[in-house]
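Sharing a structure here in structure tokens format.
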Amino acid sequence: MTRTPRKAPHAPTAEDEHKHHLCMPEESRKKAARRLAIARGHLESIQRQLDDPHAYCIDVLRQLSAVQGALSGAAEVVLRGHLEAHVATAALRGDESEIVEELMEALKYT
Amino acid sequence: MTRTPRKAPHAPTAEDEHKHHLCMPEESRKKAARRLAIARGHLESIQRQLDDPHAYCIDVLRQLSAVQGALSGAAEVVLRGHLEAHVATAALRGDESEIVEELMEALKYT
Amino acid sequence: MTRTPRKAPHAPTAEDEHKHHLCMPEESRKKAARRLAIARGHLESIQRQLDDPHAYCIDVLRQLSAVQGALSGAAEVVLRGHLEAHVATAALRGDESEIVEELMEALKYT
Amino acid sequence: MTRTPRKAPHAPTAEDEHKHHLCMPEESRKKAARRLAIARGHLESIQRQLDDPHAYCIDVLRQLSAVQGALSGAAEVVLRGHLEAHVATAALRGDESEIVEELMEALKYT
């Protein structure tokens, strides 16, 4: 759960400590990366589709939905890892307020 | 991904004719392509982010939301073009039922 | 498709004419009303659930999702009726721009 | 809708104990109830709107979106309370897996 602040050559500030001591669980990271690779392949195929003057709107909308679905799948993986590794353990660390606040904020855009 | 009937060496069937004579307005196609290029750049940067063992879940969730937003923007462009070019003119062609049915189906996944 | 402006005792203005000459198809209206009655019953039961100090968050979230689903179902009925009765016929009336613009605006909030 | 085990005359089973010892924080419960009251008033006004044969689809869609927004607001209140009171403390109780699992399941429908 602990880690040295990302790349800061300077001594970590209190805020750095607070914000940066949590890392994504490796399993979520690998799994999310695999899903993103699929989403990207799909997105590239829509880009090629849009090069064709005969592309039909509905086909493009369907493909876009498929990519959105793949990205939602990746977000689900990340969220699950975050809940397990960081939110469920917040009371042990004593940062419940911050952790809930930033999660609510991030979910707003999902 | 390519809509076969247009390049098909065989003569188009009646159904082909009905389903495939509509093409995406060029303006929507170009505009959607530009938005997808942005979304793809963004997606690639999340892929790099996930290579870093220090990636933080919330940062990744926020980036994923940004890409989702870009894709929704592209879908909005495509939908608007479709409504203007193909749905608003359906009664002139007489294919209202089919055009509404396929749109409702496509929106379900959006 | 035509109707007299809603309740205005005054002579209709040009804008009234433009905005108010379309009515919801009766079938959509009845069907949407039935779905809303179900959604409302469901919502009332969540209100009772929230009177119980033993209510559990997850149970409430699930019930809220069920009501959201019922409302989406109602919105789908209304949208389909609108596409068939008003959007697909826009080119016949010549108000394509307005009809597409207001629909895109309304969908943004869905 | 009431969670039986709490009032059940029979002795709670181990599973009952595990699943049912958590109650919604009172503040969330009151706040969510107020939001639902607003949503319900709004929903009733759409029901009246649908009694009018002159109702216009786009007006109804906009009203439906407003109710959806009010329900999302209520769900947000419930989710925040749940994260603070039950998820952030899961490691103290030792039920991380169950609590994350049921939350992911509930969010799927949101």
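Which chain is which? They are A, B, C and D, in the order written, and residues in each are numbered from 1.
Just so it is clear, contacts are C-beta pairs under 8 Å (C-beta built on N, C-alpha and C of every residue); 3 or more make two chains touch, one makes a residue touch a chain.
In this text the structure is predicted, and so the values were computed from the model without any measurement.
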| item | value |
| --- | --- |
| Chains in simultaneous contact with chain B and chain D | A, C |
| Identity of the chain that, by mean CA position, is farthest from chain D | B |
| Gap in Å, rounded to a whole number, between the CA centres of chain C and chain A | 34 |
| Chain C and chain D: spacing of chain centres that average the CA atoms, whole Å | 23 |
| Set of chain B residues in contact with two or more other chains | 79, 103, 107 |
| Interchain pairs in contact, sorted by label | A-B, A-D, B-C, C-D |
| Parts of chain C lying in touch with chain B, wherever the complex brings them together | 76, 79-80, 83-84, 87-92, 96-97, 99-100, 103-104, 107 |
| Chain B residues within the chain A interface of the complex | 1-3, 6, 20, 22-24, 26, 28-29, 32-33, 36-37, 39-40, 43-44, 46-47, 50-51, 53-58, 60-62, 64-69, 71-72, 74-75, 78-79, 81-82, 85-86, 102-103, 106-107, 109-110 |
